[in-house]
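Structure, as structure tokens:
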Amino acid sequence: MPHMTDERVRAGMTREEDLSLLHEVSMKTAGVSHLEMCIQCGTCGGSCPVAQAMDHTPRMLFAMLRAGMRDEVLRSNTMWLCVSCYHCVVRCPQEVHIADVMYTLKSMAIQAKLYTDSTAPDFSQTFIDMIKMFGRSYEMGLASRHYLRHFPLRLPGMLPMGYGMLTKGRMSMIPKKIKHMDQLKKIMARAKQLELTS
Amino acid sequence: MTANTKPKFAMYWAASCGGCEIAVLNTHEKILDVDANFEVVFWPVAMDAKYKDVEAMEDGSILLTLFNGGIRNDENEHIAKLLRQKSKILVSFGSCACEGCIPGLANLSPVEEIVHTAFNTLTTDNPHEIYPRTTFDVPEGELHIPILSKVLRPLDQVVDVDYYMPGCPPESHQIAAVIDLVIKVVNGEAELPPKGSVIGVGNSTVCDECPRTRNVKMIKAFKRIQDIAPLDPTLCILEQGIPCNGPATRSGCNARCPQAGAQCIGCYGPAEGVMDYGARLITAFSSVIDATTPEEIDRILDGIPDPTGQVYRFNLAGSLLKASQSAWKVK
Amino acid sequence: MSDKRSSPVDKKLERVGVYVCHCGSNIAGTVDVVDVTKWAQEKLGHLGVVITREYKFMCSSLGQELIEKDIKELGLTRVVVAACSPHLHEKTFRTAAKNAGLNPYLVELASIREQVSWVHTDKAVATAKAKAVVAGAVSRVIENVALDEIKVPINPNTLIVGGGIAGIQSALEIANAGFHVYLVEREPSIGGHMAQFDKTFPTLDCSACILTPRMVEVGTHPNITLLTWSDVVNVSGYVGNFHVTINKKARFVNEELCTGCGICQEKCPKKVIDEVYEAGLGYRKAVYTPFAQAVPNFPVMDKENCTYFIKGTCKACEKFCPTGAIDFKQEDQLIHIDVGNIVLATGYDLFDARRVSNYGYGRLPNVFTSLEFERLSNAAGPTTGNIVLRDGKTTPKSVGIIHCVGSRDKNFNNYCSVICCMQGLKFAHLVHERTGATVYNFYIDMRTAYKAYDEFYQRVLEEGTLFVRGKVAEVTNAARYENEKGKLIIQVEDTLAGKQRRIPVDMVILSSGLQPRHDAKEVGKLFGISCSTDGWFTEKHPKLDPVATMTEGIYIVGCAQGPKDIPSSVAQGAAASARVLDKILQREVTLEPIKATVDQAKCSGCKICNGMCPFNAITFIADDNVSEINPALCQGCGTCVAACPAGAISGTGFSDAQIIAQIDGLLLRNLEPELA
Amino acid sequence: MNKYLFYPGCSMESSGKAYGDSIHAIVEPLDLDFEEIDDWNCCGATEYLGINLIPAYSLIARNLALAAKQMNGTHTVVAPCSACYLNLAKADYYMQERPTLGEKVNEALAAGDLQYKPGTLDVRHLIDILVYDVGLEKIRSKVVRPLHGLKVVPYMGCMLPRPDYQHRWSDHEHPTELDDLLRALGADVIDYPLTTECCGGHMTQIGPETAFELIRRLIADADERGAHLMATVCPMCQMNIDAYQHETNGFFGTHYHMPVLFFTQLMGLAFGKEPDELGIGLELVSSRNALANIGIEVPITQEPAGPRKKDEGLPMPRRWTKHEGKEAVK
Amino acid sequence: MTENFEPTIIGFTCNWCSYRAADLAGTARMKYAPNVRLVRMMCSGRLDPTFVLRALSGGADGVMITGCHPGECHYIEQNYKALRRFLLLRRVLKGLGIEPERVKLVWASAAEGARFASETTAFVEEIRKLGPLAWGNPDHRPPTMEDIESSVVSRPPSEMEVIV
């Protein structure tokens, strides 16, 4: 299905198409999103510990979803800043699963390649790659790959920390691996297929 | 056969156990009144007679026919139609003819299954799996045995019936009273009740005749009678948690079973005007349940292991649904 | 057994008229009305349908005349009108039948608008369904029987439960009309929540100034028996004839001797936090009248806190009472009264703001509830009207007022509490006027939808109150920046600016919502009325019958029925009184003839139905071993009819025969005569 | 009642080693039997949910399926890490709320000959077990070295009390479980309004400036309230506040020194265990000075503010607890 | 065969809640499946199991029983009685080989027009999946919307069919 351009949205395009975006997000979200119930009260934006840094508050994002502004929503940094603290979720008077909607928007943005800063998606992907390789997270591998790529300038300042972590045995040079990697791989492969067909 | 001016009497036994016939004989001396006042023209269990003889009779020439048993095969159906044709008054006699009774419970199963059960189960020694055939060629010609229908039907689902006399079997004192009445009618001393009436019964339900004490019932568990010992001899049986069919069952038996310390199982069928006996019992049993959550109600209902058999033991063939899905679905 | 047996042989055919309404295009737009009419004539003729007509608007006077004319000229004995829902026009067509000399209960409505044309789109399918609905109605109407309305005499006395403004209004209306009222109040004084308020919106009248005269009038009215510190403990009977038992709790003060001088309160050494009248913000004594203008002015003794009752010594009150009115031996007293009607004005509880823990009430001292603020700003309150922080002395320089606390929130109450917006605006005005502080109001939607309400909003805007559209996320004392230190910080998304804001203030007022009384369910059960999912008492009809309930003779007024402001409560109080007076003046009441009866010949006395009736309409007559239904108590639900295992109970209006016939009709089993 | 299935989570072996060590030290005195789920895998933290739906939930559900297989005598899974706890609880809950999700996840699990019926397990956090199953009374009875004089800020973090699918916690915003537990150890517990605020989570990795601000808020407020140290229940919180404190100070030009320990380490100390047994010293912001307060047994110098005298001002309403009936504070 | 199958369903409604919910659905012009034909009663407590049996034996493929939410009955508690009957009735039907899902109990208050509409549509789909009930005659479909046009209801043929 071709995406509506933002110009067309501004020109007030058809309602059916608008709602399809809201519906799509809702369907891709774990649990029942209740997205259509939003009353734009701003509890989420008020609760968010990182709202100041967001392009749009979550509330605004939901309004934009209703308006069918696909590209603008997926280009927003809002979901990438979400720290999953669930303050908005428990306070939302309409029981919208806000944090899970943010996860959905991240995955949609990745698929549409519409994110503006690759740090977060890369970090997630690297993290997942480690798990897929070992079944467990591998902080040393993750940190070295991630920092070299995205924060080379932070490295000098972080040296004491990295050194401390290593010497105190809080970071291991060798990854831990689970026994049944084959089983996990089969599950993940099937899951991936199911994701594509859904 | 000598000419006889006495009114003619017939009795027939279709799909039933024969208990009704015994009940008639159990009226003791009263049976002599039958002989004194009627000419018995057809009563296979008591005298020899051929279907041909009946076929030869004039239509409407039999004054009174007591028909017991349900209609299970083509022979039953043929005789039912024949006796209808020949009788002035056709009485559906006993629970089987009225509402199917125990033979009617066969309507829970498809007919092949019934035949299979009868001829090929552990209790039947049939190593070659021989099943009866409806036709068989012999040198003398072709032999026939009656063909089973897919469900058992009460008499009135096959022919028009004048009166109903329920009970498994009808109580002998009720039979005697009915015989008296018919004799009085014959002698012009009384009038017949309106067509379609249920005769030989009370107006109400078994509780009316039951001497046990009754309170408003609130039941936390249904039990089977063997699980309660001893049963309170004076208190309502349903109140003690045993599903007793008395509240929904026609009176007339003097509450025999409850008086003897057992729950009513419902052989006298539904009360006057009731369309579905099982529905009345469903509502009776659910009314006494003391619970409001579906889980708790379900737990209590688990105490009735065979709800369908419980509420339709005598009445399945005469109920609104008449038989189970599997019986109907037989091609 | 076969149902042939139960149906009478050769029933005489009724003469049925079928009228199909176009309702303009409301029905005709989706249902082929002409086709339905023709079809009914052809396929249902054998049932006795002698005339079928279609008409643009059956409910118009011309449409009604059409039916009346046919009844008279064609001798119709049954009428089916296929039109809208019976809840709309059943009465119209019944009246038309009555005018033409046909018993009104021989008319049946087939709903082909609400249930067919408005909910389906395919014309063929809708037309087919309309035919089935008409076939059902025709079969049913043939089984209808002529019914007569039932009349019951009315006791002219009335019970009013709850002495808040709604109950007071209701009591005065009836008493002034010359009829006797029993007013029962569970607190020591009447007055209710309104007595706690300082000012009332939008006119800012002093609450006490307008309420007190009414309270006094109740206290002195010859037609009002006032029973405070009392609870209704039992109710039986039915409309016109209720029997009520009231528990008058021991006051430990002899009302005959007490002059209300107040010396006992002055001398009592025990100080107790007043959780009720002062909303926990002030103190009272163990023997007390809740406030100076209390009606009646007799104190009550709080047994739980009285030193004498706890330790066995003290009796200071007794020693100083000039008339010897203190009576430590007084006991609870049961009073039995008979009344014809009952008005429930039991009011509301304030939402417990502690449940919204992110607003910090109960944790952060300077967060106040609306009721606390009412007491704080009230000249008769604990601070003599000074608006100060919880330290009791500091005047706030900035105040935040938060709307929708506990309301419009699925985590708490999912409804709008109606009064909070105006209450928040009132608070803004009072704070501004008394302290000159900067005032912020935080709201989701500003709801000021009554006479002079929005004007008040504008007035508060003019006064300089700052409005922030956004539901407050949290109130915290964790300062993030220097200017926040020592303050309460209100964190909110200013949704109109699209930015998160942190606003430091000295004081926060929570405009808490209203919720049903904690014991509303039990009270409902006592009086035989039901509660909605939210817990408010359910009215008979939300629009057309808002003060009556499903139980004849019981009315609900004020916040017991749902959140509302003072004008609406007063209006409801008066409205219920009009309904009560209407009943009293009729001397007898007409009941719908939908009733159950026991055929005693068939009844076996199995006692299954006796437990079925929540209205205690079924009694067992031991001598005859049968049950009997009191038609005045029977509400016509039909549960016992369905429950009777002997089929001995029948119900008018919705008989087995009617319903079975309708099922057969709906399934089109009635299109040709059943063959034997 | 004292046997549980145990899901340690990845950090227990690395950055949160001190947590693992101290849990190990307190399990025995409290008669707890923790059986590790065999061959558990990483729950994906907060990373996978934002990439793919079905794979993310399948990854989590493998652990649930393994645990369900291992059930004998208990159906409770204990997770000491808040993120693991939330992920496991969330998968269990959403597989039920959205049956289509449940079906797909099970289809994926079937590829590895596993399956999980949502609702089979109770997923609970360690502190939930300690407060509600073990009970404060029992914990109090094991205290041999009360932490009198140690001013602790209880820091619950965000993912533990929220979204709270099974209504296990006393409150979403200001839960009292950690406060009560620390008080049972004898510590001077400071009322910490930020107890469930976020530590920055993975923002230390992807948006450090945002994360530094969140960390600053937490340590600044704790410092302001005179805390000797912070007690936490989550390895991620500990890692962020501890390991990035230096960088945060550098970023804002501040000089905070706020040690952060796992609550289990404090329990171990109160139970009389030796610091090295409890992983004390593994933290980057040293707790040596803070712990000196117990080492030298400073008498209680400051009584907590007593109830306000009536005439001082207006009375306060009683505090609200959702679990008023539940046996939490004896 | 089930693809083109249009179920016939009888719905029993309570005068105070679900019938009003149906009215409300109408007033709000909500669209729902046209397969349910309603019978109004004063209360779900009036529901006699006979009515359900009559409907099922008379050609209905399913029966929807609707009443006020538990605790909200206009007659205080009669809907609980309906619930008990319903639960026992379903057990009896199961014994007769009728899928218990063919009889459904739905709570809907007078304000829940949308719920009434969506529950109705959902139930129609559930019954569509189960296929025709065609009680007493497997070859005979109950009258559908189209059949009403032709309006001749074929009676079940004789049950006397040769077997064995």
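Annotations for the structure displayed:
To keep things simple, chains are lettered A, B, C, D and E as they appear, and every chain counts its residues starting from 1.
One rule holds in what follows: a residue touches a chain if its C-beta (ideal position, glycine included) is under 8 Å from a C-beta of that chain, and two chains touch if they have at least 3 such contacts.
The shown structure was predicted, so the numbers you read here are calculated from the model rather than taken from an experiment.
The chains touching chain B as well as chain E are C. Listed by label, the chains touching chain A and chain C alike are D. Distance between chain A and chain D, defined via averaged C-alpha coordinates, is recorded as 24 Å. Centres computed as Cα averages put chain C at a distance of 32 Å from chain E.
Look at where the CA atoms of chain C average out and do the same for chain D: the two points lie 47 Å apart. If you average the CA atoms of chain A and of chain B, the two centres end up 73 Å from each other. Annotation for chain C: residues touching 2 or more other chains are 358, 474, 612, 642-643, 656, 660.
Looking at chain D, one finds that residues 172-173, 197 touch two or more other chains. Counting partner chains per residue, chain A shows two or more touched chains at residues 87, 90-91. Every pair of chains meeting the touch criterion is listed here: A-C, A-D, B-C, B-E, C-D, C-E. Residues of chain A touching chain C in their complex: 39-48, 51-52, 56-57, 59-60, 87-88, 90-91, 93-95. By the touch criterion given at the top, residues 171-174, 193-194, 197, 217, 220-221, 224, 310, 312-320, 322 of chain D touch chain C in their complex. Interface residues of chain E, counted against chain B in their complex, comprise 48-50, 53-54, 56-57, 70, 77, 80-81, 83-85, 87-89, 91-92, 94-98, 135-138, 159-164.
Against chain C, in their complex, chain B makes its touches with residues 98-99, 154, 156-157, 160, 164, 195-196, 198, 203-208, 214-218, 236, 238, 246-248, 251, 269-275, 277, 280-281, 283-284, 287-288, 315, 318.
For chain C in complex with chain D, the touching residues are 271, 273, 280-283, 352, 354-355, 357-358, 361-363, 365, 369, 376, 382-383, 389-393, 474, 476-480.
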